[in-house]
Each structure stands twice: as structure tokens, then as C-alpha cells.
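A quick write-up on the structure given underneath.
Order of writing sets the chain letters: A, B, C and D. Residues in each chain are counted from 1.
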Amino acid sequence: MTAALHLAYWQTTTIKVLVVMGVIPLGALVLAYVFLLKMMSHMQSRLGPMEAGPHGVLQLLADAGKFLQKEDVFPERADRAVFALAPVVVLMSAFLLYVVIPAGPRLTVSNLDTGVFFALAVSSLSVLGVLMAGWSSANKYSLIGALRAAGQLIAYELPLVLGVVGVVIQAGTMSLQGIVQAQAHGALLGFKTLGEPYILPQALGFVLFIVGAQAELTQTPFDMPLAETELVAGYMVEYTGFRFLFFFMAEFGTAFAFAAIGATLFLGGWYVPGVHGTAADVLGPFVLGAKIMLVSFFIFWFRFTYPRFREDQLQAVAWKYLIPLALVNILVTGLLKVVV
Amino acid sequence: MAELPGLIKGLGVTLRTMLRPAVTVQYPHEKETPPTRSRGVIALKEENCTVCMLCARSCPDWCIYIEGHKDKAPPRREGGKPRTIQLLDRFDIDYGLCMYCGICVEVCPFDALFWSPEYEYSEVSIAELLHDKERLGDWMKTVPEPLALEAGAEVKKGAKN
Amino acid sequence: MAADAAAGEEAAAGGTPEAESPAAQATATTEAPAPVDERRQPWLEALQAELGEALVGHEIAGGDVWVRVDSRAWRRAVVACRDRLGCDYFCFLSGLDWKADVDLAAEKVWDPEAQPSAPAAGANGGYRTGVAGGDTRFQVFARLFSTSAKVGITLKADLDEEDPRVESIVSLYRGAEWHEREAWEMLGFTFDGHPGLRHIYLPGEFEGHPLRKDFPLLSRDVKPWPGLVDVEAMPGEPEGGGDAEGADAEGAGAEGGEG
Amino acid sequence: MAVVTEFQKAAYVAGQAADARVNVEIEAEGMTLNIGPQHPATHGTLRIVVRLDGEQVVWAEPVCGYMHRGYEKLTEVRTYPQVTTLVNRIDWLGSFANEVPFILAAEKLMDVEAPPRAQWIRTALFELGRLANITLFLGDMGVQLGALTPVFYAFRDREHVLNLIEAATGGRFHPNYDRIGGLKEDLPKGWVTEVKSAMSRIRTFCDEMEDLLVGNEIFETRTRGIGLVPAAVGLEYGLSGANIRASGVDWDIRRDEDSPLAWKHCDWKVWTHPDGDCFARYWVRLQEVREATKIVEQLLDGLPSGPIQAKVPRIIKVPAGEAWVHTDNPLGEMGYYVVSKGGLGPFRTKIRTPSFSNISILPWLLRGVYVPDVITILASLYFILGDIDR
């Protein structure tokens, strides 16, 4: 885009910022509507919201309107500055994730060479926001929730990162754009036309990534930090109004971003066989969107089906099973890379 | 035969349910009909009431208020004595207190009270849940015919619903 | 249930003549004695052997057994039930207040054949007590059950009216803790040796013992009974002439004429 | 004298402190956490004060009474027919089962017995009440463990049972259908066939729960070995019903006691489980639901014809006496100790509700578990607030 139109730096930056600002709420809205409101409802033999717009498509906008009208409540003993800042930090981490996700051969905010590294790093920023929220609320439920979240996010960062390492080894680059290109030009069992989506050679890595992402998103079966039946809503129990809306948007925005990263790393991103050049720039976002929905479907399907692990059990799952598996995956991938 | 892991079977259950139609009813647009015997609201057939106070007395919640007065009515047969009848001045049921037990309907010896399955009479103000005898009389339109009984039931002669 | 067994239940225990109310005595004389309950009779005999004099009343009727013990032997009786009879299941513990409820006259619970007079004072200070007898106003009673023999027993003990006090059985049945707290709160019984008698249902600052018969039930006092006859008399007729039965009869007459 | 243990003393002091409404204090030795009175896990208004060391419970003390309605006192100012509508509201999920023991106690005192058809219908509705109650538990346990979906299935399939109860009695939740000596009225036409289809739906629901929850590895790790109740301790605390059968005690009042109700005419099985943990309690209830559907079908197949009401006076006066009647209600052993002095209403009614005894074990059971397990244990003991507080 930048190359074709020769825009000034400030212009491209503004466009990128606006696009990201638009994509996050839109992505969050789409995910929340399609999966939280509709798929979950149908999985539970009901229809979900049906009143606002056809099939309730405007329900989330109505909800957002309601949240915006609500009083901005601070708990009496809250640390006001930290309390106010926490949702912003969480939302910011979701925003930063989008910077490196390519939506087409040239459609990317910033094609960092260390894209994977960057994405996984900024996704951990949300832990900071969660801890801030939990501590500053002066609520015991929040505090327990935040501490659980911190422990869990750190524990699951590892399998997530290690699961991705296999892809990085196979692609030979950490740039997300590079990984998409590697999948596009890869040859699966000698068939060059279809490319090589890494979900096939890196199936174990994909499983690790999905599990890790599920935990990072604090979704069932890893939603101990929220655990609405015991901690009510964990670290966000004291938040109302637009601050809660921030958390809500961050939750689904991050889910969207993780699904996008998953789609990019394992399903070939924007690439669809037979489409190249400018056509890929036009079709890319839609292809990526479809793949995101596919990955999200799995993430949310697990969320609506499973009960949750206890905090110590989910730590055990991470340290005893996922991390060793990830290490094995890296070892095998590395060996094959060297040998083949 | 090896069983599928429970994690996979669970996913199958939710997926199957998703592909089936939902069972819910979109309430204000479509309504379910409650069964005939539903205890929705009590209807009053005023002309049958003789102000005997049985319902008010057997109400466990004391939510029926009755006032009446005596009057002379023309004799039934030619040349008979004029009768003394009791006329209803006030018959209120406070649905804010009512427990919907149906004892009043059951004890009424003159078939003046009936159950109607109607349920849409919520109010903004609790005071309006006190239905007076006109409002209770209006419910009579919604009272259904009593149902036929299941096979093997004893048929009572002259039984009230 | 066998008909005669249930009827025999009304009869007061043979071992406690002082507890027999006149009405119960009357029925007892007319009925044939209930057949011996093979499962419960040995229980009673075992308890009689164990407790001796302290067992002051008993009754086996309608497939159930009641034993009334001296309040000082309350804990001993529970131990006997647990260890000798194998009662492993603690069902409940509660109390009875036998004070006649004069307040609950015909107006509160409608009774067409109401006797407005207060119940006649009986042999034991006006308290008409129930199965297995009783001498005082208060009784504590508990039910224990043996899940192996599938037989239960109701233990009773008379308590002093001024200072209803009995030994706690929490150390025998841990489940009794909450039940004793409830009895303490609702009836004002004191259980010696209970680890912490405090309110369980009611707020901490609550005063009074709601299940005692002299505790007023305010919801029935603040509002007049709507069942009071409120039919205005015709001019010339004496006020208040139309009482409940009058209206009833008149109405019935009118209906009969129609049909 | 009774031995007062350190723990009991601590629990006492804790309760006092809780009463003083100590809400937010974070101390070095531990943290007091108030679960409730308004909390999603307590489905009602139960409050549990737990002292935490990290995430581990040092002691816990349930505080109940937020919904105490004083039914024992209220029965004293009501007539016998008026009491049934009151006791419907004790365990509001399986409410038909509440009125049965009370009516049986009154009938025992009056020495009347309802005709067989009435007993058959009573038993069938009793079991429908059990279905309405326990199916919700089967789903709700999932919610307490984080699985949102099962409870919706429970609500979906339970609806058919509630519709049946309403079609027969007129009340979804508060049937008030039992009368002394019989029933209010006979069943409506076509009811029996509807019941048959609903029963097969409930069995399908059980299979779904088996796939969705019982077989789920996460569910098993969350419930196996959690909240162990040894049989002796459970009996001492007065645990009853499925809770004690899950500890291996083979005791079901429906089978073991000679009741006028019609269970003795059916072929069914009492399930027990040796483990005594949360999983066992869930599993036993799941089997109980399946058995209940079988009982209902058998009863309706062999439904005798005839009257449904024995001859009783129009104004019911119960002769003086005392009667204790208990049944195996959905939540456990429920019993009424009715004392009559020959009046229109009971002189005193002691209502023995299962949940009250079932949760009295909590201080013992919750020691040393983790906070999430508190919720698991609460859910698996399965209480209804109205049944605790009466």
C-alpha cells in the first residue's frame, strides 16, 4: 500500500492507526457476536439475543451503549490511578498485537523481523494490567483472581512460545510475513501447488499453541482467574461501565489477535492457493478473516464445552505435560530440519 | 473397543446440539399456552357469591377482603315469602400476598371462584396487584372448561370441576 | 400402618400414669392393645436395662418408639442408643413447648366448632403433653436412627420451665451442633458443653425465643383478620346477627332452591 | 463434659468475628474471605466465612439464616390444608416431595389412608419432583466447575417435567396437590403418554451428561478425591439421601421403610458408591435420576383405577398424638414430626430438612481444601437455601 500510493509517513501512520483502531473493536464485536452470543446460545439449545436488529446483530452495540451510560464507580478503598489505568494497559496489549499481523503481501502495519517474538512479548503485557486491576480494586476476590492470572499467564507463556518455536525453525524466520511466504512456497509431500500449512507438520505445535492461547485468554478450561462461580469475575469484579467495556473489548480483541496469529502461523495466513500479487492484497484480509473464524471456532468451542481446571492442576498441566511436549517438538523439528 | 476420550465426546455433544434447532420461545412474540389447570389468576363469578366468607377464612395469607350487605329479594315462587339474600359490595384479592394455593377456589361451595391460566397481569405498582371484583369478574372470560380425566379415574356425579 | 397400631398411639404410655390426659385415657380403654413390635420392643428393653430409673416414660405405637428419660440422664440415654442400639445416624434434635396456646383462638385459625374457652388445666400445671408423657412445659427431643437395623427412636426429656438446661450431645454426634444452636435460639434451651451456643438463623441481636408459645407472631397481630364477618345487617335487624354459619346456611338454602 | 476442640473454639471465634461484619482485612497470617451471602455459588443467600492461607482453607464457617421464614412457627397458626401450600416452599425445586411426608403424618394421626390410585399418583409425582430437582443439580454442578453448557441442557429437559407437574397439579413449583386422604383431583387425559415421552427425554439427558461431564477428564480431576466424606462421619452429621449413599451406606427410606406410597410395587435399584467424594455424589445422583424415570414409568403402567380420595370430614381435625414420617426426598431425608392436640392445625411441627444437616458438615469438610474445591464441595452436597433456612 505504502509503495503503491507514495504517501507521506504521517499519512500512512494515521491510516494504520485508524485501521487498527477500527479492526480491534470490529473484530471483538464479530467474535463476541458470532461466538459468545450465537454459537454459545445454539450449543445450549437457545437462540440468544434476537431483539436488537435482525437476529440480534446490534445487541453488542446496545450493550456498549448501556455500559457507556453507566456511572464510573471507584471502590472506596481503591488505588484510583492504578484502577483507572489497568483496563487501558490490558486493552493496549491487545492493540499492540495487531501491529505485526499481515493481512496480505503488502498489508501489514509493520513487518518486523522479530514479529513472532514481538507478538508473544506484547501479549504478556496484559498480565501487568490484570495485576494492576486486581490489586488496586481493594477486593479479595480481585486479588486472588489477579494472582491466579499472573501465575497462569506466566506458566502458559512457555508452552505457547515453545510451541511456536517449531514453526520458526521450520520457516527459518521470525517475521510473520516471512512465515506466511514460507508456507505459501512450501511443498507438502512434494505437492507444490497447495503450499504447506504448518498445521500439518507442526500439528503438535498447533495443539500447544491453542492450549496456550486458551490459557492466555483465560478462557475455560483455564479460566480460574475469572471463575465466575467462585471469584465472581476475578480481577474485574469491581469494574463497571466503560472500564468494564475496555476489559470486554480486550478479551475479545485479544482472542481475535491470537486467532489471527494462529491462522498466520499454522494455516498460512492470508495465503490461499492460486492467488498472488495485488489480488492477494484484496482477497488476503478476507482469507485471513475466514481462517481466524475457523481458529476462533475451536477456541470458543472448547470454552463452551469444558469445565475448568483448578489452579494447581492447570499449573501441573503446563509444567508436567505441555512444556516437555513442546521441548520434544522443538527437538524433533530441529533434527528434521538439520537432517532433511 | 476403546472408548473415545471424554474431552472429545463432550465436544460432540455441544456440536450436535448446535446443529439442532433451539427449543426456546421468543416470549412477547410467541407464547406458550399454559396447561388448563394452571393456577394463573382467580376469576370471580359474582352472581354465584353469597358472601359466605369461606374463602376469606380459609385463605392462609389473609389476602381476600369481602364486604357485603343483606337485601330482600322477590320470592322464587308465586306467593312465597320474600327471601333474604346477601349481596357482594367488595371482593378484593391482593395478588401481592396471594400464594396461589387454590384453597379459596376449592372451599367455595357455590362455584363462584375459578382458576384461569392467564398470567400476564404484572404491574408497575404493587398496589395495583389488588384486583377488585370487577377485575376479577373480567377474568371469567378466560376460564377454560375443565379437562377430561385420565383413564381409570372415578367419575363423580355432580362433581364440580 | 395397621389401624389399631395407629389408634394405640393416641393412648398415653402405660408406664407414666401421671401423663395421661383424660381424653387419651378414654380412647385407651376402648381400644384393644396394639400388637407387640418385634423390632422395637428389644430396643426398649435394652434401654430399660441400661437406664433403669432414669427412663420415665415410653411408648411403642404406629411403627415408632418413644422413650422419655430424666433430663439428667439425657446424655447417658444418647450414649446408650449410640453404643448399645447402634444408632449411627443423627436425624434431628429440637424442642417442644407444651404451654397451651390460648392466643390462637378461633379468629386466627378458623374453626367453625371453636371452643373459645381456654383448655382446661390438667394434672401437670395446664400442660397437656403428648406421647410418652411429660411433666413440665418444655421437652427436648431428638431422633436417632440405625442405618443397619433401619429402626429409629425418638428420645425425649422434660426440662425445667425456668431454666431449661440439658447436657449437650455434640461430642457424641457432631451433627447435633447446629440443631442444638437452633433449639437454643428458637426455644431458649441451654446445652451444657456445647462449643458455641450462638444464633444460627436469627440476627445476633435478636431477643426472645420464637418457637415458644408465648412469643407473638406479629404478622398475625398487626392486621385484622379479613375473615371476620363483614356483612351489613338489613335495617331493622340486630347488628352482628349474621355470623359465619348463618350466612353459610342461608346461602345453602338459596342454592338448593335453584337446583 | 463435652470436649471442646481447638478447632471448634476457632470456629466459634470466627463466627463471632463474622457477625461483627469484618469484611476487608488482609493480614499476615491469612485472609478472611466472605463467600456470600450474595454469591453465584451459593444459589441463594448462604454465607460462608473462610479463613485462607494462600488458597487453602484453614477453617470455614457457614452462616445461614438469611432466608429463614419460620415455617415451624407459621404452621402453628395454620390449618392442616393450609400447611401443604407452605411446605411446598421449603425445597422449591422438588416441591411436591415436600408435601407428601406432611400429609402422610397427618393421615397417620387421623388413621386414614388414601386409596391406591392416589398413592400411585403421589409416588409418581414424588419421583417427578425428584427429577425436577436433581436434573438441575446435574447441570448446575457443571456451572460450578466452569462448564456453562450443562445447566442449559438441564433447564431444557427439566422443563418437560415441570410442564407435566403443572398439567396435573396446576402449579409448576408449588403443586399443593396432596389432600389429607387423597389428592385434589385426578390426572388429566393424555398425561400418562406425555410422561412416557418426557421420561425418555430425561434418560437422553442423562446420557448427554455422561458424555459432557462425567466422562470428561477435567471433570474427573476436579471431583475425584475432593470432599471425601467417610460414612461414619457423614452419618454422625446427619447426611442423608444421595450424599450418604455416595459414601457407601446402602440406605434408602423409599425401599427400607414400609410406607403407604407405591415404591414397593416397582422394580428399581438403590445405587451406592464406595468413594464418598464429589464425583461419587454426582454419579449416584445421575443413577438416581435414571432409576426415578423407571419408577415413574412402572407406576403409570400399573396405575390402578378407582377413587383418589378417601372419606374425610369436610373440616379436618386431626386427633391428638405425635407422628414422625420421613421420606427420601431429592435432597435427602425429609421428615415432619407433627404434634397434634386435636385441633384444626398442628400444635407443633418439627420440620427436619435434609439440607440443614447436609451442610452442617461443611466446617469439617472444608478444612484444608482449596478455594475452588469449596465451590465443588458446596455444589456436590447440593443444598437448596429454602431447605436450609426453612
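Here are some notes:
FYI, a contact is a pair of C-beta atoms (placed from the backbone, for glycine too) under 8 Å apart; a residue touches a chain by one contact, two chains touch by 3 or more.
All of these numbers come straight from a predicted model, not from anything done at the bench.
Central chain (C-alpha centroid nearest the global protein C-alpha centroid): D. Farthest from subunit C in terms of Cα centroid separation is A. Across B-D and A-D, it is B-D that has more C-beta pairs touching. One inter-chain figure worth recording: subunit B and subunit D are separated by 28 Å, centre to centre, where each centre is the mean of the chain's CA atoms. Centre-to-centre separation between subunit A and subunit D, using Cα means, comes to 44 Å. Rounded to whole angstrom units, the spacing between the C-alpha centres of subunit A and subunit C is 66. Separating the CA-averaged centres of subunit B and subunit C is a span of 36 Å.
Annotation for subunit D: residues touching 2 or more other chains are 78-79, 149, 153, 156, 212-213, 216, 218-219.
Each of the following residues of subunit C touches two or more other chains: 110. Residue positions of subunit A touching 2 or more other chains, listed in rising order: 43-46, 304-306. Under the contact rule defined at the top, the touching pairs of chains are A-B, A-D, B-C, B-D, C-D.
On subunit B, the positions that touch subunit C within their shared complex are 50-54, 56-59, 62-72, 76, 83-86, 89, 109-110. If you check the complex, the residues on subunit C that touch subunit D are 1, 3, 6-7, 9-10, 21, 23-24, 62-64, 66, 88-92, 94, 96-97, 101, 104, 108-113, 119, 128, 130-131, 141, 143, 147, 150, 152, 154, 167-168, 170-171, 173-175, 177-179, 186, 192-196, 198-204, 210-211, 215, 217, 220. Of all residues in subunit B, only 7, 10-11, 13-15, 17-18, 20, 22-24, 26 touch subunit A in the complex they form.
Contact residues of subunit A toward subunit B in the complex are 39, 41-47, 50, 301-302, 304-306.
Chain contact summary for the complex, subunit C toward subunit B: residues 110, 223, 225-227, 229-234, 237, 242, 244, 247-248, 250-252, 254-255, 257.
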